[in-house]
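Sharing a structure here in structure tokens format.
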Amino acid sequence: MSAILELQGVKKAFGAVVVADDQSWSLAPGEALGVIGPNGAGKTSMFNLVTGTLRADAGQIRLGGQDITGWSAAKRCRAGIARSFQVPQPFAHMTVFENAYVAATQGAGLSGRAAEALCLDVLDRTGLIAKANGQAGGLTLLERKRLELSRALCARPRVILLDEIAGGLTEHECQSLIQTIRDVHATGVSIVWIEHVVHALLAVVGRLMVIDFGRKIAEGEPQAIMQSREVREIYLGIEADG
Amino acid sequence: MSLSVTRRTRLSTAWLIVLVPIVLLLIAAPWWAGRADLRLMGEIALYMSLAVLWNLLAGYAGLVSVGQQAYVGFGGYLFFALTMLAGLHPYAALPLVVLAGFVISAPVAVLIFRLRGAYFAIGTWVVAEVFRLSFAQMASLGGGSGTSLSPDIVRSLAEGRDAREAVAWWLALGAGMLVIGTVVWLLRSRQGVALTAIRDNELAARSLGIDIWRTKFTVYVVVSGLTALIGALIFLQKLRISPDAAFSANDWTAFVIFIVVIGGIGTLEGPILGTLVFFALRETLADLGTLYLIALGVVAIVIMLFAPRGLWGFLRDRWGLELFPLSRRVSGLAKKEA
Amino acid sequence: QTPTIKVGHVSPRTGPLAGFAEADDYILQAITERFGAGIDNNGRSWQIEILSKDSQSNPNRAAEVASELILSDEVDIIVAASTPDTVNPVSDQAEINEVPCITTDCPWQPYFFGRGGNPAQGFASTYHFFWGLEDVIGAFLAMWDGSGVAKAVGGLFPNDADGNAWGDPQRGLPTPLAAAGYDLVDPGRYQPMTDDFSNYINAFKEAGCEIVTGNMIPPDFGTFWSQAAQQGFNPKIVTIGKALLFPSVIQGLGERGIGLSSEVWWSPSHPFSSSLTGASAGDLAGGYMQATGRPWTQPIGFKHALFEVVADVVARAEDLDDPEAIIAAIAATDMNTIVGPVNWAAGPVPNVTKTPLVAGQWQREGDGIDLKIIANATAPNIPTTGELMLLA
Amino acid sequence: MDWLNAILQGTLLGGLYALFAAGLSLIFGVMRLVNIAHGDLIVLSAYIALSFGVSLGLNPLVALLLVVPTMALIGYALQRLILNRTMGEDLLPPLLVTFGLSVILQNVLLMGYSADPQNLQAGAIETASVTLGPLAVGVMPVMVFVTAVVVIAALQWMFYRTALGRAFRATSDRQDVAQLMGLNRAHIFGLAMALSLAVTALAGVFLGIRTAFDPAAGGARLIFGFEAVIIGGLGNLWGTLAGGVILGVAQTIGAKIDPGYQILAGHIVFLIILALRPRGLFPRIDG
Amino acid sequence: MADAILSLQALNAHYGDFQALYGVNLTVNPGEVVAVIGANGAGKTTMLRSIAGLLRNAPEAIRWKGHLIGALRADQVAALGIALVPEGRLLFPSLSVEENLVIGGQLGRKGPWSLQRVYDLFPILKERRLQQSTSLSGGQQQMVAIGRALMANPDLVLMDEISLGLAPVIIRQIYEALPGIVGEGLTAVIVEQDIAKALSVSQRVYCLQEGRVSLEGQSQTVPRDDITRAYFGV
């Protein structure tokens, strides 16, 4: 089966800081991929490259076999790539519902009742429905993160990119988030998830990728990766022999 | 699940019902209003249109332009040129003015959309100055000192002074309704939410599939074309045009901004309410001359400091009033909570 | 009960052209007193009420106040004075609203052609009396011809109604100056209230101009004149229309104001007298100086004459309630005023009649300054009072 | 030769524009406050100088000693009493308040001084001239230019090298967080505006000496100021000086081609630069 | 309790009509680490913002070293030696990394923290010292926010979810460093979602629930069950 999302030799640098160093990886349809790595490794930058917020210096990005490297961010979204932002970016003066509605009408291209129904359903699933008529600017940090997730889902993506949405959750909240993402996954959406709360990640993803200095340094079965010496040293900060 | 999304409220339905007789009454104005009143009402309709248009740009699309006088003046000058130099009948000239407004604003948009925020605002102002200085170079339209609409053209509008004044009013009223209708239609369309989204956060808007440039471009061009039409009607009423009057930042932008701010930016009702308040102030205070303008400045500052969302914004925050059914609310939440 | 006729008056009380209206209060007060006795028309005595408004030297403002006077105050006659920026918009509003209108104090070409006038047709309800550009050219040439300075002339014309008319290749200065053997250096039209004249100065220097002429508003001349000094440009004759009419402007320039020259449309030594009061030009100027303690200015005569014409028209009109009749009375005017004869049958184009013009120079007189008439070839009946002195 | 003269005169004119812009640059370029009343404040300082000149018989250049502190005080009060309440992410509130302020100022001046153009008379220095080879230049314009360079150097240093400058920048970035650092935002902004208007006082007096001014003369100066700031690039005061000079030279060269294009040429050069470099020539801060 | 450095007495807080805190009582003794835990929206951030002077609506409720400070502005509170690491980092975008740190110390209070020491704690920041602060990665920004607060050499530091967005290795490093930092005379209030971590570094713990204190105790001894109850209500 061909990959839904594929990066080939993607490079990006800001002056001397290399944020993507010859990155190549692919995502199978329906797969859930986890991404970890130290702070500043280039994880968010990788998302920016995939969604078109950043332009790659070199390399190719393909969605469903189609080269999208030169596409605008908007076009990529309409083609099926949705994301959440690590630093939430709500439309502060619109209501929560309208935030979702933007994604449903623009990203998913729906209109009228269909768009409304999708938004209501997604907000219900992400637990924001009670605030649907509230201004997005008045949400707490975590509600904003949920809004990020809701909007991404309302765009009805083929691939959804999640950037640190579990940070700052209590154990209980974390469990319900994991359940939500599993449900999304179950509907056939492919997922790439960056997260420092590793246990949440491990509960969902089938494959784990480790990034450092913009380079993919390991990739594979999650448990095995977590046990690897490199990850324990550079990421968890546990002495390999300890 | 009993959740649903509605736009209509009881108030908005009631409003639409009273709107019909109001419009009929306004159409009949030449039969019940005096000469000076008709002229004033025409001016109100035109200012209201400018305010609604500017609000669409700045309040909804976040394109804070301080240079819309470019299109007011352009429309006015073009109307004079088409009628006096090209010999067109005024009625034929008006639609051409709108078209020309679309055509001229497109390249301007391409240029100034490269700018953001405050830069954009200043850019629009400079463009308006370029328009002003360019028209000041046109000797056939009176150069720097301007020209008057020749009496023959005025007479060709309609037979007799009364009929002419009625026609001028209907044109102004018609333009006002065209503007409000266009804006309501645009805001209710999918472009409507997209616009507000762009204003709030471009990065997110882009990532959710909004083609920012095209959306803004459409709005800018539509607004500019309609602004040119209003400009043509303004100078049809004034009968005289000059670069300073046509491209006056004070008259066509500052006052319009005051109106929108007083009424409430980012709502459709705000500019309409604001226009009425502005003219009420003007009619009661204008005899004070200079003091009137000072008072106007003070009112604007006070509103901005104490009710930054304007009069309508204040009412809306308090009671959630909305006359035009524009925003989408989820209803049935309380039931679900309980 | 005595009927009243309302006269609207528009002039630039404030703004860059405020000098033109400096004497308004004095004239209006005297006129109001004189009109207080009423004017007889067909055996009835009429009161005249004058409503005066400020155009702020701004054509748009002028149009606005004129339309207010016409629509809200419903004046029967509207009069205006001082430069095309006030005269033209007021006349245009009067023409469209079919209100009788009399104006002055603006050369007739910018008045007539600036409003798109057609010599074959004229206007319906608007009339004007003043001199024309042919007169100013004649007066300037008469002054320069005997001076013996190089015949290279620098021209300064702004992009306003006066500037465009004065600089007009056909109707303005260029053609007659060339015909008289002068080289006119005309770099083009500047925007009024500009910050910088260095390119003019440079062009004049390069061409060796010893004469500078043009039509400017006072503040622009001030800017030009100090930059000329800074950049080492010292012409021998500077004859500028409009800007150099007023003693206040010249005094503001201090030592560098002495020797500047300009057109003279009226002075205390003009041999005319008022049809209204019988006062001579010298009496009128003297009365003003005595009442205000300020030096006389040229618009005094014309402002007075404007109301002389109004009084004459009011007296002669067949039916003061009918605008058509008032217009007919204006057209039939034939009288002598304190600025000379006014007779619209004798104009160069319809609706226009001309008054005489000479040229003068600001010279020192005792502690103060005085505008001396130094060339009168264009109107020999007006005596000269001095001789041209070249600038240092 | 005459091109050289045009460039020289334009450069000197640019010095005046840079002075108009320097105070603006501080407020607009760094605090993101679009001060529409800046032009009117320039004119206000010219009128203040005029009043000092008339009442105390001072040469306007001497009156600067009084005008500068007066304007600084006005700036501090203005900011603390009014503008501080509008500072924030949104561009519009301060823009509108200063719009209102501009209308008020113009009309108050109109009431106080009428629409008649005024002029500051500085005496012989106004027409004094020095010759540079084949060119003659006025002493005043040179003085203005030198003042502009000195002022801009001082502001640039203050902004990027001193604690006060850092405080200005931090406070305009995030007011509440700046408070957490122990900065009193109301005071900091007040100081910034005081500084800006002190510079404005210089600009106003030099303007009044160079040309006539009336209560409505601010608008045209304001646009030159904004253009200079934007051409130079946000947050770069040297850029602002360059912007002023580019504008001045564009105007004199435009005027050489045809005096009707003098101001137009400046605007067009501005638009061209923005089309090519939307963030100005030397941006220092991300717009 | 008389020697408490900070005490809250019946602290209320409102956002418009919405009341976020209801009569919160809390004390902090010199040199201790107090952990505040609670579900999302419980009011933890609100409490810290109140102390720091950003809300200013509790003139009688907040006492610092015996003086009422609830009516002071944030800058006045900062001058008394209270620093906040705000939720969401909130760096100054137009300042470089180093300037962000320097401005943290601009009040000039004496103490152990200096630019050099912050760089020792987070070496990556030294590498990036001239970079614009908002172009840092999320985690790097969090490091600057922490460093900026420490640069003030405060007597009390309020840390709002400082581990948010940090890689495990960094979190570990910070919490390992914390006892040492506190040992130098610093007092800390930390808000932390990771309960185990919160309990391990603190002496005492408070739990907030819907704007009220639902539990207070010694970190080492408080039973897990009580905490669960305090979190979610009984």
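Before moving on, here are some points about what is shown:
The chains carry the letters A, B, C, D and E, assigned in the order they are written, with residues numbered from 1 in each.
Convention: a residue touches a chain if its C-beta (ideal position, glycine included) is under 8 Å from a C-beta of that chain, and two chains touch if they have at least 3 such contacts.
According to UniProt, the chain labels map to these proteins: A, E = ABC transporter ATP-binding protein; B, D = Branched-chain amino acid ABC transporter permease.
These numbers were taken from a predicted model, which means no experiment stands behind them.
Relative to chain E, the chain whose mean Cα position lies farthest away is C. The chain pair B-D and the chain pair B-C differ in C-beta contact count, and the higher one is B-D. Centres computed as Cα averages put chain A at a distance of 78 Å from chain C.
Taking each chain's centre as the mean of its C-alpha atoms, chain C lies 38 Å from chain D.
Chain A and chain E have Cα centroids lying 29 Å from one another.
Our note on geometry: chain A versus chain D, Cα centroid distance of 48 Å, whole angstroms.
For chain C, residues touching at least two other chains, in rising order: 159, 189, 191. Residue positions 110, 260, 263 of chain D each touch two or more of the other chains. For chain A, the set of residues that touch two or more other chains is empty.
Listed by chain label, the pairs that touch are A-B, A-E, B-C, B-D, C-D, D-E. Of all the residues in chain B, the ones that touch chain A in their complex are 1, 3-5, 190, 193-194, 196-197, 199-201, 203-212, 266, 327-330, 333, 336-337.
Touching chain B in their complex are the following residues of chain C: 58-60, 63, 71-72, 84-85, 88-89, 92-93, 95-96, 114-116, 124, 158-161, 163-164, 189, 191-192. Against chain C, the residues of chain B that register as touching in their complex are 35-36, 39, 133, 136-137, 139, 142-151, 154, 238-240, 242, 244-245, 248. By the touch rule above, chain B contacts chain D in their complex via residues 58, 64, 66, 111, 114-119, 121-123, 125-127, 129-130, 133-134, 136-137, 249-250, 254, 257-258, 261, 265, 290-291, 293-294, 296-301, 304-305, 308.
Against chain D, the residues of chain C that register as touching in their complex are 14-16, 18, 56-57, 159, 187-191, 193-196, 198-200, 202-203, 206, 218-220, 222-223, 226-227, 229-232, 252, 254, 256.
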